[in-house]
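Below is one structure; the comments refer to it alone.
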Amino acid sequence: GTKEKNEKLIVGTEAGFAPYEYMEGDEVVGVDMDIAKAIAESMGKELEIKNMDFDGALLAVQNGTVDFVAAGVSVNEERKKVMDFSVDYVDSVEVVVVNKDNPAVADVEDLDDKVIGVQQGNIADFWVEDNVNAKEIKRYTKFAQAAEDLKNGRIDCIVMDQFPAEELVAANQELAILDGILFEDKYAIAVKKGNKELLDEINSVIEQLKEDGKIEEFYANHTSKN
Amino acid sequence: MDKFITGIQNGYEVFIKGVQNIFEGFITWIIRIYESFYNALIPDQRYMAYLDGLKVTLLISFMAILLGIAIGVVVAILKVASSNYKIKWLTRICNIYINIIRGTPLMVQLLIIYNLIFNSRNTNELVIGAVCFGINSGAYVAEIIRAGIESIDKGQMEAGRSLGFNYIKTMRLIILPQAVKNILPALGNEFIVLIKETSVAGVIAVTDLTKAAQYVGSRTWDILPPLIIAALCYLVIVMGLSRLLSVFERRLSKGDRH
Amino acid sequence: MIVTKNLKKAFGDHMVLKGIDETIEKGEKVVVIGPSGSGKSTFLRCLNLLEVPTEGEIWFEDINITDSKENINLIRRKMGMVFQQFNLFPHLSVKQNITLAPVKLGIMTKEEADRKAMELLKRIGLTEKADAYPNQLSGGQKQRIAIIRSLAMNPDVMLFDEPTSALDPEMVGEVLDLMVQLAEEGMTMVVVTHEMQFAKKVGTRVLFMDEGKIVEQNTPDQFFDNPTHPRLKEFLSKVL
Amino acid sequence: MDKFITGIQNGYEVFIKGVQNIFEGFITWIIRIYESFYNALIPDQRYMAYLDGLKVTLLISFMAILLGIAIGVVVAILKVASSNYKIKWLTRICNIYINIIRGTPLMVQLLIIYNLIFNSRNTNELVIGAVCFGINSGAYVAEIIRAGIESIDKGQMEAGRSLGFNYIKTMRLIILPQAVKNILPALGNEFIVLIKETSVAGVIAVTDLTKAAQYVGSRTWDILPPLIIAALCYLVIVMGLSRLLSVFERRLSKGDRH
Amino acid sequence: MIVTKNLKKAFGDHMVLKGIDETIEKGEKVVVIGPSGSGKSTFLRCLNLLEVPTEGEIWFEDINITDSKENINLIRRKMGMVFQQFNLFPHLSVKQNITLAPVKLGIMTKEEADRKAMELLKRIGLTEKADAYPNQLSGGQKQRIAIIRSLAMNPDVMLFDEPTSALDPEMVGEVLDLMVQLAEEGMTMVVVTHEMQFAKKVGTRVLFMDEGKIVEQNTPDQFFDNPTHPRLKEFLSKVL
């Protein structure tokens, strides 16, 4: 793109995914946002954050409404067809959150025939759909609503990333994370297909951040708070 | 002269090429659109998602209007009676319910009611939706009924009373049978409104038509075609029902003439 | 038969009836005239408590009907009322309009009421309209049906509030004719009207209301020929 | 006798304990509620989230009603004029717009308009919301204006024409000045409706009051308090505006009497 | 002055005027009577094209006004119309009601129109109401204002459609008085009315309409004393 001569760099995200992205007052903050800020800084542009539904953000990057998405986006083949991904900046681990006193799921292998909560369009949504014989998959736009439903027994479990899950159980004594890992994947930043210029920029920033150990620092900043 | 002819020939060729390009562009565009819609409908039996969503939308709307009518009738009767017999606190309670429902967004009500009431895994999502929307609709139905009663000329009440009927009998024998002719079409309309409003049911994890379309979009990475398909479904249903309703209304008012 | 004592009625601050003392005897045909807004309708509607008086008493057949212990619904059965706008029940057929009150109030059986209705319809020559609905009738027909609807309850007194004002001129006659018949049969009647001919012909007494008071009353002859109150003189000069 | 006294004493103690328990339970409950609301409002300056959301809600509603009025006036004029001058296709276009908007859910319209129109990255979220809701509102405003014009007794048009005014002048000098008195309050009402409807703006990356409340809930993991706070904000604003509107309406109709 | 040739008007399938050939000369005062629904209003409203005839021609001052090339707005200025429901403009004061058309149609300056309005108001004794608004007026006052509103345009003919039917009886007189004055000044008038006294007093010709046709017409004396058509006889027997 030669036409891109914008002062602003726009990142799309879904601010219900602490510690990666969450609201503090009227501001969206989090690990992903720190990375996004570093990218904008190195490009000498002003960062603008658009807080939207997760699946909406992935669509927005495809039609150019946002420049890139930093929202704990997992890399998978299906997505690669329609958008380009940066190098991954974190290995994520998907876990199962259940009601502590009254776990409807005993083991991570035991998801068949359960009512499973996921975030719509999230990697867990796809994974559960493809790998589990669920009784029902409940697709939420916000994890908070899913957590509320889990507490109230309307669903049996939530499949989600480990870090947000830890935040979740820290805030809700009624909930617990099951031992064991459901599956692993990697988070990367998504850009519009073919936007090589931006992708290179992002890759170099991420590599630099990794090298400097900044990403761990970001984590520490956002997880120690609760 | 030759030059002139070549000029014309060239011009002609350029023209034809232009037409061809436009035509080809148009064809490609049509094919792309076709593919988009094909993808949004056929693979993985996606059309089933719309059909299921539509079923949920219609069922929720239908059960919600029934619940709304139940609540609305009770509230309207309480309100009319309590204002007639001057029971202030009862009038006030009815008004509080109506004002809260009409003073806050449906979406917010939905989230509050949902999180306040439902605590069991086994509650059917249809029931959840129906209860949330029914509580909302009740306030509107109550106002519809009140308006229907008030639309009856007050000479009717006076004629009834002057013949020696008491208030309740006049209501039952004279006012309500006439009011029903205004109320029924308005209820039909409320049903249509509900069909449209249930499109926000997605926030409480109910997979209605809108949510189904969004889901298909998040699968095909092409959000517009499923949304347009959903919009068409709504349009057909809403306009079809509206037409039915106006036929029904004409019947009713013809009934006056027998 | 009807006695009002210091009858007053206010709508909010607006005093519409300013103390009316009047006695209407059995068999009288009292005609009430007066300018628009003078309170004629309000006076009439107070008589059967369609408007609740602000002050004063109304006695009907030696019962104080303004006394809250009295069941007004029972008393109203004895007082027929005819409205300017007819107020037939549009969802019921003519016959049902007539029989509704007698049957539902348990005064007659369905058969008795039907028989009575057909009798009354025959009297006004509208038997063939028994199964018609109000909006298939002309104004004059509607008003005559409204009158016999009241008659079906065998009232002791009939109250008329401008019964011919909403009618086309051609239809006025047929309604007045029916009212004259009723008068001749001895019905006690209180009639608010602008039909001076009717007042002269059947009235036993004419009242002139102005600004919430009855300012003059007399026999029709005296009333129209020797008006004394200036407001009445002015009124008659305009209307006659 | 002693036994009896002990019995009473015991009973008394049990009773006091019960009262204490209930009382303590009640206190705990109050404290928990207080904490919930405190958490939903104070830490991290969360109240700012509501205020900003409210600002967005009000601004979008306001800009949307302005756009809606612009569209509505044009559509209403085109419709009235084209039906007067018998330009069928223009009437039809106006009707198609109105029917599509009124026949499909706002939420679906919102998603379609958003994805269809806004492909540029630099549009402000307020503009996006205003345009989406404005396009929706235009259809309703057009109907409000049409109804306002039709509510004027047709004797007024006849009186104007019989004095020698042409159709347009009669409209301008006689019908519209009277219609405005019906239209203005209805527009006020449409504004109130918009405030409530913008609560679904969250789906298109606009952080309005409802969305702000949802994200506070995402942070505190306690969904209800922020929603109730948001509902109260809406309630206060909607009922306040309604009251203002009815005062305004009374003024207008008093104006008739001068 | 006005000539109708085979004038027909249908609403959908319903034939309301079934061919009317009539000539109204300058200075005539034509009174139209007839039962409700006979088409009187429709006939009157066709004369200034408020209803567009389905068939036939209307000539006014030697212009075929049914010809679509003619500018009906110019022609209507010469034809005043008075409605049963007055149709004053409620958002304008009395004076503004009267001056609106002359000023906005560029016939008079604001000052001329104001002077003319005050003159006309003086004539009907309502100068003090110049700045009042219509809903501060009584029915009779409204209708008289409506009449002078038309007069302010200096029309050649005045059309009246039951101008007193919506009035309280007390107010009928003042409106009829004004109409009589107009007649005496030589205004050409077409009046639909139920006021038989007025017809007798000022009419130069009375038309009787029934079912969309003019079935009888005559001078008032002949018309009322020697009616020939049976429908007219019946009508008069009811109304007089």
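So that you can tell them apart, the chains are marked A, B, C, D and E in the order they are listed, and the count of residues begins at 1 in each.
What we mean here is this: contacts are C-beta pairs under 8 Å (C-beta built on N, C-alpha and C of every residue); 3 or more make two chains touch, one makes a residue touch a chain.
Computed from a prediction, not measured in an experiment: that's the story for all the values here.
A.B. asks: Which chains contact both subunit C and subunit D?
C.D. replies: B, E
A.B. asks: So which one's got more C-beta contacts, A-B or A-D?
C.D. replies: Counting C-beta pairs in contact for A-B and A-D gives the edge to A-D.
A.B. asks: What whole-number Å value describes the gap between the mean CA coordinates of subunit B and subunit D?
C.D. replies: 17
A.B. asks: When the centre of a chain is set as the mean of its C-alpha atoms, what distance in Å lies between subunit A and subunit E?
C.D. replies: Computed from C-alpha means, the inter-chain centre distance equals 80 Å.
A.B. asks: Can you compute the centre-to-centre distance for subunit C and subunit E, using the mean CA position of each chain? Integer Å is fine.
C.D. replies: So the centroids are 36 Å from each other.
A.B. asks: With chain centres taken as the means of their Cα atoms, state the distance from subunit B to subunit C in Å.
C.D. replies: Taking the mean C-alpha position of each chain, the two centres sit 50 Å apart.
A.B. asks: Two-or-more-chain contact residues of subunit D, please, as numbers and ranges.
C.D. replies: Correct list: 115, 214, 223.
A.B. asks: Hunt down the residues of subunit C that sit against at least two other chains at once, touch-wise.
C.D. replies: In subunit C, no residue touches at least two other chains, as defined above.
A.B. asks: Could you list which residues of subunit A touch at least two other chains?
C.D. replies: Residue numbers touching two or more other chains: 59, 145, 148.
A.B. asks: State which pairs of chains touch, listing all of them.
C.D. replies: Going through each pair of chains, those in contact are A-B, A-D, B-C, B-D, C-E, D-E.
A.B. asks: Which residues of subunit D touch subunit A once you look at their complex with the stated criterion?
C.D. replies: These residues of subunit D touch subunit A: 44-46, 48-49, 51-53, 115, 118-122, 125, 202-205, 207, 211-212, 214-221, 223.
A.B. asks: Which positions of subunit D touch subunit B when the two form their complex?
C.D. replies: 99-100, 102-109, 111-112, 115-116, 196-200, 210, 213-214, 223-224, 227-228, 230-231, 234-235, 238-239, 242
A.B. asks: For the complex, give me every residue of subunit C touching subunit E.
C.D. replies: Answer in residue numbers: 35-36, 168-170, 173, 194, 235, 238-239.
A.B. asks: Touching subunit B in the complex: which residues of subunit C?
C.D. replies: Going through subunit C, the ones touching subunit B are 48, 50, 73-74, 76-77, 79-81, 83, 85, 87-91, 100-101, 104-105, 133, 135-136, 149-150, 153.
A.B. asks: Spell out the part of subunit A that touches subunit B in their complex, as residue ranges.
C.D. replies: It comes out as residues 55, 58-59, 62, 79, 81-82, 104, 115, 117, 120-121, 125, 138-141, 145-146, 148-149, 152-156.
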